[in-house]
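Some notes on the structure that comes next.
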Amino acid sequence: MFPEFNTTIANIYFSGLAIAALACAVGVLASRHPLNAAVLLVGAMLSLSGIYALLDAPFLAVLQVLVYAGAVMMLVVFVIMVLNRAREDALPRFDAWSVATAAAPLALTAMLAITMAKQHLRIDPAAVRGEPEPIAERMFAMGAGTNGWWLLFVAVGITLLVAVVGAVLLSKRRLDTPNEMPAPEANHGH
Amino acid sequence: MDPVSLFPLLAPIVLVLAGGLVALAAEPFLEGQAKHRWLPWIAVAGMIAAGIVQVFAPVGHVHGMFANDEARRWLSLAVIAAAACSMGGIQQSLDRDRFPGGESYALAAMATVGVLGMIASLDAIAFFVSVETAALAIYALVGLRRNRPESNEALLKYFVMGAVFSAIFLYGTALLYGATGSTRFGAPVLDGRGTYALLGAALMAAGLLFKVGSVPFHAWAPDAYTGAPVAVTGLMGAIIKVGAFAGLGALWLGLASGTGLPVALDAAVTPSAAVRTHLLEPLSLLIVISAILSLVVGNFAALKQTSVRRLIGYSAIANAGYMALAFVLPASGEALDLRPLWLYAVGYAIATAGALTAVASLAGTEDTKDDLAGLHGRGRQMPLYGFALTVCLASFAGLPPTLGFLGKFSVLGQVVAHGGVFIALIGLIAAVAGAGAYLRLAVQLWAGTPRDEQPLAVGTQLLTRWGVTLAAVLLIGLTALPALLPQARPAPAAVVLPPAAPAAVVH
Amino acid sequence: MDSSLLWLIPALPLFGAIFNGALSLAGAKHGYGPPRGLVATVAVLMPALSFALSLAAASQVSSLGSYVAFPMHQELFTWFHGAGLDLVFGLTIDSLSALMLLFVTGIGSLIHLYSVGYMREDRGFARFMSYMNLFMTAMIILVMGSSLPVTFLGWEGVGLCSYLLIGFWHRTPEFADAARKAFIYNRVGDLGFLLGAFALYQVTGSLEYSAIAEWFRTADPAALASHSTWITAGCILIFLGCAGKSAQIPLAAWLPDAMAGPTPVSALIHAATMVTAGVYLIARLSDAFVCAPDAMAVVFVVGCTTAVWGAVAGLMQHDIKKALAYSTVSQLGYMFMAAGVGAFDVALFHVFTHAFFKAALFLSAGAVIHGLHHEQDMRRMGGLRKQLPLAYLAMFYGWWAITGLPFAAGFFSKDLILEASFLGHVEIAGTNLAPMLGGVALLTAGLTAIYMTRVITLVFWSPSRVAPETQAHIQRTPLTMGIPLIVLGVGSLIAGFAWVGLPLDWLNVPTDGMAFLKAHLAPVVGPAQEVLAKATGVGHGEHASTAISVALTGTLTAALGCLFGWLWWRKGPKVVPEHGAPTAPTGFGGAWTFGFDKAADWIVLKPIIVIAYGIYWVVELAILGVGGWLVATGARALGDGYALVLQRSRLRTSLAIAMLGLAAAIAALIIFGSV
Amino acid sequence: MATESLMTPGAVQVLAAMLFGLGLTAAVIRRNIFIVLMGVELMLNAVNLSFVGFARTLPGDASVLGLLAPLFTIAIAAAEACVGLAMVILLVRGKDTIDADAFSAMKE
Amino acid sequence: MLLLALLLAPIAAAVLAALAHGKDADQGAGDAVHRLGLVLAFGIAILGTPLALGHGAAFDATWFALPGTDAVIHLKLGTDGITAWMVQLIAWLTPFAILGGRGVAGGRMREYVAAVFACEAMMLGAVLSRDLVLFYVCYEAMLVPMLVLIAVFGGPERRQASLWFILMTMLGSAPLLVAIWVIAAKVGTTDVAAVIVALRSGAVGDGTLGWLFWAFALAFAVKVPLVPLHAWQARTYSELPGGAAVLLAGAMAKLGIYGFLVFVLPMFPQQSAQHAHLFIILGVIGAVGGAVVALAQDDAKRLLAYSSLSHLGLVVTGIFTFQQIALDGAVVQMIAHGLSASALFLLVGCIEERTRSPYLDDHGGFASRAPVFSVLFVISALASAGLPGTANFAGEFLLLLGAWQSAPWIAAVGGLSVILGAAYLLTLVQKWCYGTAPEGRAEVADLNAREVWMVVPLLAASIWLGFQPGVISAYAGKTAGSYAEAARTEASALVPATPAAPAPPAKAEK
């Protein structure tokens, strides 16, 4: 906990942010237009950022806003706008099949939430506050006996490279050269 | 398992990665068909080097993050072999179809890097990063035929389900972290947090069972296998499953050991009574039910398939079931031993890659002739591919003398030894149904002359020929030398001790 | 002659068979086949040499005196050898084998000579002679075999040759049918032979004749009583084998059809030698048979019935060979009657005389057929005395012998059979049937005279009905055919004296000097007949009064029969059919003749065919086929059902199913686990 | 820290579970591919929350791990979003729709 | 090492043949492969011959340990009487399978020869192995090359046929595998001799032992096949090319009988004795029913299939009487049937190659048009019908005699198959050799030299063994007797009053 806040204020903040996050999540689930959903998702992310802050993780809170709500969601909105699919699309929010398929995930949600609610967790006083230094220290510790997270840091770099190459392969115009690509002969995926 | 220095252990991964990166970097500098002529060789060169290095890679771990042991060595070698073989298939397909781009080879290499990382992982986060590396590369490869509707559909289904189950796996990781305070496989569960552990393990297992295509998380498999180019199907089917099972095995043995020490995949671990009762028994039950469903669904649904890719898709489901039977619990006080699973996985990876590479060579332009009618008599036209495909199919069917038989034999044999006589019987009867599907294809391959007399369109074949030959030779040759399996029953050990010497080869 | 040379007796004809067979195959490509002279020389020489060797052996055997169990014996090699059964392949000549061997090789050689003339122009001459030689081999092995399996080798061997020779003219489907029928009827009997052999093995522990005889001769009554069921069963089964080979009811129907083969075949195999093998076997196993009175009764009754049936059927035939074939069946019945009352030596005597006169009859019939260019219908013959004098002479002697008119061969042998029957003791349900059935046999003798007279009248004595164009081209009987005709004809006249002896007192030869047959056979069948005599209190040949009265009655019956036959048919048949008209009798004759065929057809053949197709269609195709289809379809249905219900095309559905599974798992963990 | 406080680590986990479930539900039941992808993003966010929530209940190095793991999650989520959006572009180019149900030709 | 060499030589031969160079269509290349195959096959057969004289030291090497059990699987090879003669059968039939394939294989001689050798290797492995797992491996592995032989070189319905064959066989052997696992788990070894000792000394409970017996029996009953598990047989045999039929009908089917003799009887004497009547009845039903159904066939190969069903049914019957004589007969008949069935299938194959028709009604008059064929065909048919002087007679005689000793009705009913055998075989001979060719049928050339020489040695061997069956029964029969001894003891314990024992052998009096 931030030492500056007392419990009550923390409770109020937490309750508010939690409700906001849930409301935004429900909004994402229920919104008709993807743009609305995107905005609501950004709202949920910002709420979570607040909760991170409350949970003594300021570094993550900042990262959440910068990377997630900022970069990733901007990309999403950008694509939605580029494809111009936001308004013309008249897909129904829900249809009968949505209702039928909702049972399983909702039941799962309920079971998970109830199970979590039954558990008793206590805050450990020895928990380290989530500021950049301790995180960076561990992330980049390279000596013997360290945990080697830097290896994963490198690995994530590779992952991102793969993602970019993959995205290029999937969407690059150059690869669509219809005169060279034989037309599909038969749709045999049935 | 002792700490060892970084580079020798990770050198295979680095070499494959290097091959992929060089191929990626060289891609813009090559024009047209030259891409297909040279880039796969660059990637395969990295793999060959990696394979050689992997043979001599030390047993041990780095930072408790990545590890190597005899099982991981064999799995890695199988994955490298399968990937190299599939690389030939991809080369053949793309060259034949004059695909205007060479990124695929780099992506295939990256996927291999990811799977090698999955196999080597000792940590759930490391595993997750690896699995995503592999998966993202495979997603792109599945969607390679960009203007084919079934390819698009396969990509959508695979990607969305994959993303959902990634999240589920990760949530499981988070819960397990909550339970143990660590993301390492094998960390001891803290007092009073058993529920988080069980739930987390179950969710992680669900994520992994999705990756292997086990029922009920299997629906993507037939579609993705069908939508992807045949050669990519081979790559995907062969390597992802091996990696996912390596993860499941590490999770399983880790839960059982609960010491916080790095887990060797070929270790025999005797769980404590508490862990056994609270964690392993429920988990084993879920996995085994899923396994039985898988092998029934996979084998029987395969019977009616006409497309080879779809057939292999259901075969993937069925084989996932057989492999997951390795998680039948032994009697109380006896050690868990996953070595049969690794043997099976090695055989499966090689057979899948070999089979689909051969089919890729026989399937004609745009893989349009990969169904039963299209393959009619192709074995007579191209005996090498026909022979290799037949061997691989026999391996799928579990017929000796192939590795597929030895895998089924040891996995189901262990099931029987653990008291699951009826499970084994169900497995064997389903296997006969599956064999019907595979052998129908094999028969089709050899019976009669091809319906169309025109020669098949083929691309550069050198790599393919070596690939399928390698697959066939390995499938038969390794049977005589089941080096993965122990020579005598290992002493049950609570603490994991890696075997000191390289696997003894039978005289 | 040294006994180490015994193997030569069967081996010589075998060489001939292989030699001619190879020639035949090698020459098959050429139109005319291999050189006739070479073929004929080898084919006739080999049995003749066998005959010479047999003579040498027989003289040696008879000079060794009586009651030496096995005078000449050669063990060729160990046949069966193992942990279970050890059996030596042995050849033996004792007095019984010697007798059989002599007339088999002797008459056989003559018929080979005859065949040279008869078959010379046939395209398959070499093949024919090869089969004939092979038959000689098999028949020699049959009579020389020292144990049941060796005899069985010959037994099936002669059956095989019979099959091959009946179907010799292989282009005609009916001949092939007849051949197959003969083989399968024989196979039925052969199974009986085998099973009977098994039973005897079970009782005596051996398959060797010597050991079996020894066992029965030395067995104490208790042992016999305890084994009586299997002894009886074994003997009846053996008799089933004999019935198959010797065309007795119920396995008689094949023999008339077997006349499809060339006439020398009918003479050699289906009259003189092979068909008498059954009598030989019963005599060979006489020690066992006398210990099984029920089996003896069966033999006797079957023999009598067959004799009557054959005689009546013979009366109905238009085809000359068929008539003779039924006559053979009837005569064989007589032999079994004798065996059935325990007069094994008499039975063998009739075998001996029958070989001569029936061969003579068949060969002369062959000469007639040959002369008339393969005309076999007696209704289209007549008056051939002048054109075919040799054939007439042979048939006349044969007719004399078979009808039982005095002093020819049949007179003595048939008389002895009737006498034995009248004196015999065959108890069925407490009644001694022997004398009564002896009476039936006597009447049958009359029938025999009628049908034989009918044959000779229709062929030779009645006015000619031969078609004019044939009449002009009647083929003369060549010398190769003529010599055997004469020899056999004369043989039919004098063979009977082998038993009774010739009246040669004036040559200072004892009266019974030539009457060697009974004494000659005594070492083999004597003990059995003594056993029987002791058991029933009757022996044959001791009642002079009976002998004389039977002889008188028999002669009278025969004479009446002959007279009746001549009177009835002396003008020929009422209707002369067209050339090529069916010769099978119709009406009562047809019903009588083909009764057993029809019965076998309806009781055995048709049901088997119905069952065969029934099983094939119902069990094999329907049940197993449909069963397999069901399994396959069921397996597919599992897959289809899965695809129909669970494998949906929509992403949402797939995800929902997966989530359902996951939810179920979590629920299970919550409910049953420790969550 | 008062025990009656709403903001217990347990409550954080409940919130995380609910957000996870809502995201999952969105991914499962919606036809709009964008919203499906957003549901996945929501699930990943919920996982991060869970990590951070658990971090508070663990001492020392273990707690830092809970703050470190989300970094990887965020990176991977970005990578997934990247490929996912490329996929959407591809799909729209092919079939001119973002309806997931439109891509349901394959079955059996 | 002889045994190991015997196992490896055909594998090497298969590889050699597969690697042979040359274009498919090149007649000379095909002939070269054919000659190479013949030389190798005869070489292997000669290599295997010393086994019949009792040579062949056991070979043993560790293979792997079965996880979860104490069992260590060995590559263990050994020989005894039955093995030795099975080796003779397999190894000496192989060259004839190759000879028989020259016509049908055409341009694919390489594949054909390689598949034949692969099949031979696995069959030899199965009979040489002294470890259950090794046996099972070979037992299953032989299906693959056989599948190739059927699927590539078979008749028009080959696809269905090959699947019926392999799936039924696999389904039958699935429980066998489970049984082997259970044995490995409970006994801790898969060494055959050790397993026999352990199973008899009560290492496994009676209930388990019971179903283990059925598992073993089922697997072998499918292979023989025994009624009612024969649904694959007629379908498969009717599509077989002549050469492959030599392997399948001549040799492979015998492995089922081998399994009964070598595994079922010694491992489960009590169960064998208890259920002997069932197997006897099934065998007799097969013997008689098969022969009856053969009468209803219009396809020569189907007819021969049912003929095999009939003959091998009688062998199973004989085995389950446990009588020494019947066991002698069983081993003799195994070889004899291998020879005669091979000869018949090869000859029918010759006709089918020429005319594409194996139907009875499509041919006739071969006796005049193809005399050499006819002579050989008649001899083969008569051998198959058990004419004395051929090995088949020796086998059937001993089988029936042994059966009679056990219970006369078995011999009496089983003997009906001998009569019916003559009926259907002579019908076949009559349809094809007698009469004249049906309307519109082209001339059929007589056998050429290769075809003559692929049949004559088989018939010569059959006739030689017909007079010297002791060559087989003295060695193999003794082994069979020792395997069946325990079952015999159990059977006599079951029935206190045994039927009249055979009297002492007759050798005493001479």
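For reference, chains read A, B, C, D and E in written order, and residue numbers begin at 1 within each chain.
Here is the rule we use: a contact is a pair of C-beta atoms (placed from the backbone, for glycine too) under 8 Å apart; a residue touches a chain by one contact, two chains touch by 3 or more.
Since we're looking at a predicted model, the values are computed, not measured.
Novice: Spell out the chains that contact chain C while also contacting chain D.
Specialist: Both-contact set = A, B.
Novice: Fewest touch steps from chain D to chain E?
Specialist: The distance in steps between these two chains is 2.
Novice: Compute per-chain Cα centres, compare each with the mean of all protein Cα atoms, and return the closest chain.
Specialist: So the chain sitting closest to the middle is E.
Novice: Based on the averaged CA atom positions, which chain is farthest from chain C?
Specialist: A
Novice: Which integer distance in Å separates the CA centroid of chain A from that of chain E?
Specialist: Taking the average C-alpha coordinate of chain A and of chain E, the gap between them is 68 Å.
Novice: When the C-alpha atoms of chain A and chain D are each averaged to a single point, how far apart are the two points in Å?
Specialist: Centre-to-centre distance between chain A and chain D: 5 Å.
Novice: Taking the mean of the C-alpha atoms as each chain's centre, how many Å separate chain C from chain E?
Specialist: The separation of the two C-alpha centroids amounts to 36 Å.
Novice: Taking the mean of the C-alpha atoms as each chain's centre, how many Å separate chain A from chain C?
Specialist: Result: the chain centres lie 101 Å from each other.
Novice: Tell me, which residues of chain D touch at least two other chains?
Specialist: 13, 16, 20, 23-24, 27-31, 37, 53-54, 57-59, 65, 72, 76, 79-80, 83, 87, 90, 100, 103-108
Novice: Note the residues in chain A that touch 2 or more other chains, in rising order.
Specialist: Only 98, 101, 104-105, 108, 112, 115, 119-121, 149, 152, 156, 159, 162-163, 166-168, 170, 187, 189 qualify.
Novice: What positions in chain C touch 2 or more of the other chains?
Specialist: 643, 647-648, 650-653, 655-657, 659-660, 662, 666, 675
Novice: Which two-chain combinations touch?
Specialist: Inter-chain contacts occur between A-B, A-C, A-D, B-C, B-D, B-E, C-D, C-E.
Novice: Once bound in the complex, which stretches of chain C touch chain A?
Specialist: Per the stated touch rule, the residues are 650, 652-653, 655-657, 659-660, 662-663, 666-667, 670, 675.
Novice: For chain C, which residues are in contact with chain B within the complex?
Specialist: Contact set of chain C toward chain B: 632, 635-636, 638-640, 642-643, 646-648, 651, 653-655, 657-658, 660-662, 665-666, 668-669, 672-675.
Novice: Using the touch definition from the top, list the residues of chain B that touch chain E in their complex.
Specialist: Result: residues 330, 334, 337, 339-340, 379-380, 383, 387, 390, 394, 397, 399-401, 405, 409-410, 412-414, 416-418, 421, 424-425, 428-429, 431-432, 435-436, 439-440, 442-444, 446-447, 479, 482, 485-489, 506-507 of chain B touch chain E.
Novice: Where on chain A is chain C touching in the complex?
Specialist: 97-98, 100-101, 103-105, 107-108, 111-112, 115
Novice: Can you name the residues of chain C that touch chain D in the complex?
Specialist: Against chain D, the touching part of chain C is residues 643, 647-652, 655-656, 659.
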